[in-house]
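Structures follow.
Presented sequentially are two complexes of subunit A, the first with subunit B as partner and the second with subunit C.
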Partner chain A sequence: MSRSDTQVMNRGYAPGTTVRTKGKLSLLMKEIWRYRLSYLFIAPFMICFTFFILVPVVCALLLSFTSYNSLEPPRFIGWANFRYMISGDLLFLQYALPNTFKFAVIAGPLGYIASFLLAWLISILPGVWRKWFALAMYSPSLMGGIAMTIVWLPLLSGDRIGYLNSFLLEWGFIKEPVLWVTSKDHLMTSMIVVTLWSSMGIGFLAMLAGILNVNPELYEAGKLDGIKSRLEEIWYITIPSMKPQMLFGAVMAIVGTFKAGGIGTQLSGMNPTPQYSGHLIMNQIDDYGFIRFELGYASALSVFLLLLMYLSNKFCWRLFGSKGDE
Partner chain B sequence: MTIPFTRKRFRFRRRSKLFRLSRFEVLITLLLVLLSAFMLLPLVYIFNHAFKPYDELFIYPPTIWARQPSLQNFIELFNITSEQVVPVTRYIFNSLVVAVLSVVVVTLVSALCAYPLSKHKFPGSQLVFATIMLTMLFAPETVTIPRYLVVSHLGIMNTYWGHVLPMVAVPVAVFLMKQFVDQIPDDLLESARMDGAREFTVFLRIVVPVIMPAVATIGIISFQTAWGNVESSTLFMQNEEMKTFPYFVSTLTANMANSVARQGAVAAAALFMFIPNLIIFLVFQSKVIATMAHSGIK
Partner chain C sequence: MKPAKLKIIRLLWGLLAVCLVWVGYPAVASADYPYATNYRSETDPLVWTQAAFAPEQVLGRDIFIPDPEDPQKQVLSPLAQPSDLFVDSQDVIYVADTGNNRIVVFQRDGTFDRVLPALPEKPLSSPKGLYVDGKGHIYVADTGNARIVMLDSDGKLLKEYTLPKSRFIPEGYRFEPIKVAVDKRGYVYIVSLGSYNGLLQLDPDGGFVRFFAANKAPFTLLDSIKRKIYTRAMYEKQISKLPPAINNVNIDERGFVYTVSFGEQLKSSQVKKLNYAGKDFLASDNSTGTSNDTFGEIRFAAATQIPNLTDIAVDRLGNFSVIDSDSKVISQYDTFGNLLFFWSGDASPNTTQLGIVKSPAAIDINSQNEIYILDNNANLIQKFRQTEFGALVYKANNLTIDGRYKEAEPVWREVLHLNAYYTPAVIGLAQAAYSRGDYPEAKKLYLQAGIQKGYSNAFWQIRLEWLQDRFGLLMNILIGVIVLYILYRIAAKRYPALSRLRLSRIRLTSRFIGQLRHTFYVLRHPVDGFYALRYEHKGSYLSACVVLVLAYISYAVIRSYTSFSFNAEAIKALSATTVFLQFFLVWVGWVISNYLVSSIMRGEGRFKDVFIGSSYALTPFIVVGLPLTLISNGMSLSEESIYQFLHQGMYVWVFLLLIWKVMSIQNYTVGETAVNLLYTVGTMVIIGVLCFILFGLSTELRSFIYSIVQEVSVR
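Right, the complex of A and B next:
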């Protein structure tokens, strides 16, 4: 680009220099043309974004009102899918929905609180140690799915030689081996424990950084203002000054718990899980989408799940959103 | 370590004078040590499991340290596919290609998008950012079915693009990078433009160096996702030659529940899956925490 071109560009970044002679539309077009380079910059992302996120979400919305089996063209059936979901789909109403709620309500907040507490505990240690403790807490997220099969399966195995069972038997806590992952009474508990173990993810790192960046003068000021215990310190100083990071962590926690689906099947080694005790909405979607090929109904289910995520996020926004304060 | 830490370390020193060796801090350290030992146990386990010969793999109670470490498991892992058409090295090669490609593409594309979103107030920028924020709340996994349809219609099934492209648009990545670009003073960019720098030069010479911590973080995250991704292999790849290593590992474990066979290979594969993640995280760890300081949603 020559120098004169650059000057044209420069004018582009000082808005308000155009003469308002033509209509609003042509003005807008001119404005858009002036920022053509900006659009070029965001183009690669926006193209992928449109194809793999926006279009699928819109598609899911549209498909949810149709009956579609991937062979015949989709047939519009109005609200029938949703009506079936809330009145006829017993698997969904009896297992998937309550299980998802139970799982999300326990694993989500607990994992979130644990992340915050651990981040806080790590933050009061000397700087040299922090790195290693942070790594230790984050390591389950690094291991991902592999750890599940190699560590948790032998640990929770239902026979006498499962590590947990044999330990409990030896110490006399239980008389018979407990089927941790293959009975309907314990599968959910095992799922929640394993999820908690791996819940120190990106949100945990964000909160750790947030705590470390709280202005130290605030603590001094707090001490002068009569803050006595560390609990008060957390409540009145730490949390208010890291609200943005708390919100980011919350968003990550919500998305993480709602999109969980494979864990029940992985742990129990059965699909569907024993008596549907670990059946989550995601399993129901996969079930309808990839086994029964009722793509329309599966889409309706995913729209419902998206709505759930959105509402819980809105709820957290209420809690942590910074409007006006600070 | 990076700038945010120095202040904090100072604070600790000041504080520790006040509560020198307070019982509280000792207690916390002990608690954390215990907890991290618990969290790290699987890690130690994975390492040793991979080197245990078969007669040690099934010893009860399990030994934490391998008594006679051997490479037998790794040899088994590489020999499993000896009579199949697709050798295990092909899966590993695919995984490497996919992981490297997606790290490069994701970081570049997100940085390119974050810069104008933060610094150019072009018409529609508000709308674009709002949409990205909104989709950050959604998991793309929930809309697998339409995604499958899109991929099949684009004709990128059974190609490396089928692995990479669906993962390119990461709203969180753009969000984190934008938070970083926001830190750059406008005057700096303006003066560079005055000196005749083109927008692309400004981007490469000023913006990218400043947001390097964010680039590193996004790089780690996208590497982790791509390296462990099984979904794209199961859904978008029918051709066995195009599937990735984690998919191969998952086929090994699929019939593991009631058999002893291949346990050793699985243990070796698990270590193999984990090592790259660990190395990359350790190398860029301080950058990650520096990035996360800007992760707040306001």
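Right, the complex of A and C next:
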């Protein structure tokens, strides 16, 4: 008898009542049968969810304790993967982890703030324009790969002809062309800039919707109550009434920055990135999973990343999640 | 025995002991040189060291040439305003004797050898520079005739280089060659007097190649504003912005071209080390460069004093020495531009003293690491040889640069034994310790030397080992904690009494505790929290003072206990009064000026509210700062981004709280708050300036009164 069953049971009955386990189970079955139509309705989603999300995640969790190369059957090795990760994998400890932190700490909050500001600015625009601007802002996140090759690579090209270099050279800011994407000093900055540019994704759309959804009467009421400036309006009315969207945006920003991986290799055109300067945890997972075929260790890394995301999401909930009593 | 006799005997014993001590410890000051040698590091602006070079000999007093009137007789013919000196690969010394229009050669032991015969068709006219290549060809910058001549070792003219015709040479280019250098391919690099175009590079046949290694014109933000707003006429009246001119050039054995520049606004890159492509290896702004790019040390520099370097000497291993003709300081750097020594002494204008160069014009070094410095005031050459200390440092440093840390270690140890304050030795030992895996030792030494990166790396390794050793234990503890927590949750569900136990912590419901607890409410709901401070009596002077003192303590702890990896101050002796003053002056200034400004601007807050609110706004120092300080001691520079995020987040938080404080307590709108903040900062600055003036004047007044009292009482 699993714990969750007892919990379900307990919810239905007063806590502390001692019902025999067997009886509990049959009661549960009866309950389920009673609501069979509801179960039928959620079945399509639940089946998809179970097979495509729940099972893989649980598998990854299990695989992370094994040594598995996709040919031989997995071999249980206990904590060894995690031990290697925290104390032996220098690539991970010296590059992937610090780089990911740096990337997430800068690109995450900045992208989040930028999406909010842009969403707000666009919401001010008259209706006809709004649509097109929103589309324009949203498009970079849709066609990241194409735009990368068309816009960013020529712009950041490391020779004299690269747009940025030629501009800076012409204006005398630099003496010699800077290797924006192929030197270890500048790759991270370029990655962050490009990520910011393409960070107006789902979170941005949600926030835009949230801003547009705020009841206009609230603004009027606010004006009557003495709100004088736009800033106050944002602070006192807009943000409090779109907390769910803010939370959603924050979660998307965190997930987006943590799972960003390809950008470094795309920009620099090398894998691994020059002197691992753009090496993120995702690259490390790719490396172990699909180049070295050490799937057990790659799963361990993914589990670690999952944990990281979970904790930061918790943090966001603390920050933006609306409490029940408010 | 009589007591008196005993006394005498005791006295005698004492005297004997003193004598013995005297013998045992001879005078500590070793050979007395007329100059002092120093080193300077990040942590210590001036370290006195033993001399690295000792004066040995004076050259140029024995130049005898056949008397032009009576060829049988030899007459003394001293140097006259010589301007350049060169030591060739055979250690033969050549001097450009500008005043006498000739080239003088000395043998390797320093005795006079010969004067090169005058050129028959067109004699030299005030030659100011010379260079001797590997094949023994002598290149002379014949300044007066605006040409470079190439002579063989007997002084016979082989080739003549004049200003070539090229459309790349600007109209009105004044060709006045003062220095010359030649690379292995035979390309000639010429320094023309005051030319800002860079070195004139000619091919072996005298054709123009390019201008090489030009400096960049200084251009500041102010200049760009001027350029925007000035009219053409106004702009033309400005002093024209020219790149700093190159003073001298040298080429080392590996083919690097060194230039030495001087300009009014040249703050860095006084020395450049360039490859054939023109890339500077001593610059901080490119990938090949090094961390140090300012050269030319001055012991006690006045604010406007900048080094005026005139010549550079490079030894076989790339260590270089530069001379400063203004301050007469000789500074020595290793091949990466790290300072090794600098030395200078006071010259008296009348006497010539061994070791003191009155007016250094040129410097060069031979294969034995002996330095020759040309004095164009005394018309002599001084020779210096390495002391034991200097030789040890050079040897150890060269080994370290080659990466032979293990061999360098005993040498550095000896250096440190000779001078315990010489930081490069500590760094060398730290590198050695790191390379052999003795990380705790390396960490300690890096801390002593003040190298954050090295310290952090050593700490990283130590932490890694620590984790590797205890991984299993840590994981078991983690699992144990999680299991216990789950058990607790299950148990709490069964027996609600358990969870109620947690809730019913001992509640101190005293008013004071409530006021203190209000700080946490302020953190979460700043607007309401500060409003409550003003209108609901949620704070008092007492609670504010407690919070303030706690915040101050936290601030002091942050300043002094944050890991050295992030906080270079950690190793400096931080005076408690400085921190105290910094903290409280700013805070008191803020409270007073904010209150004054707000009361003028129709704010609703009383002084009490401003006081309490301002101290409550400092809570992030306690809540974030203290844990962060603790965590920082477990972090290395690879986690720097996290640390910086939290550290800056703390200050941003305090800043935001202050804004909210002004807004809620004074009942302002956003715009009013911004104006208020601006005025407050302005008032703080004015108060600061006034205090400064008042303090200065009162000191004057005090000394004035004191001197009057002295006058009256003494007379």
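Simple rule for what comes next: the second predicted complex is superposed on the first by the 294 of 326 C-alpha atoms of A that agree within 3 Å, B and C clash if a C-alpha of one lies under 4 Å from a C-alpha of the other, contacts with A are read in each partner's own complex, and residues count from 1 in each chain.
Here, contacts are C-beta pairs under 8 Å (C-beta built on N, C-alpha and C of every residue); 3 or more make two chains touch, one makes a residue touch a chain.
Quick caveat, the model's predicted, so the values are computed rather than measured.
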Simultaneous placement of subunit C and subunit B on subunit A, clash or fit: fit
Subunit A: partner with more touched residues, subunit B or subunit C: B
Partner chain(s) touched by A:E232 [first = subunit B, second = subunit C, both, neither]: second
Touching partner for A:L306 - first (subunit B), second (subunit C), both, neither: first
Touched partner set for A:W33, first subunit B, second subunit C, both or neither: neither
Which superposed partner A:F315 touches (first subunit B, second subunit C, both, neither): neither
Which of subunit B and subunit C A:L93 touches, first, second, both or neither: second
Which superposed partner A:F76 touches (first subunit B, second subunit C, both, neither): neither
Distance in angstrom between the closest Cα atoms of subunit C and subunit B, superposition on A: 14
Overlap of subunit C and subunit B interfaces on subunit A (superposed complexes): 3, 10, 15
Touching residues (chain side subunit A, partner subunit B) in the complex: 1, 3, 6, 9-10, 13, 15, 28, 31-32, 35, 37-39, 41-42, 44-46, 48-49, 51-57, 59-60, 63, 118, 121-127, 129, 131-147, 149-151, 153-154, 161, 163, 166, 197, 200, 202, 205-206, 208-210, 212-213, 216, 219, 230, 242-245, 247-248, 251-252, 254-255, 258-259, 261, 269, 282, 285-286, 289, 295, 298-299, 302, 305-306, 309-310, 313, 322
For the subunit A and subunit C complex, residues of the former touching the latter: 3, 10, 15-16, 79, 82-83, 86-88, 93-94, 97-98, 101-102, 105-106, 172, 175-176, 179, 183, 185, 228-229, 231-232, 235
Residue ranges of subunit C in contact with subunit A within the complex: 216, 219, 279, 285-287, 464, 467-468, 471-472, 475, 490, 493-494, 496, 638-642, 645, 669-671
In the complex with subunit A, residue positions of subunit B that touch it: 1, 4-5, 7-12, 14-16, 24-25, 28-29, 31-32, 35-36, 39-43, 45-46, 49, 60-62, 108-110, 112-113, 115-117, 120-125, 128, 131-132, 135-147, 149-150, 154, 165-166, 168-169, 171-172, 174, 190, 193-194, 196-199, 203, 221, 224, 228, 230, 246, 249-250, 253, 256-257, 266-267, 269-270, 273-274, 277-278, 281-282, 285-286, 288-293, 295-298
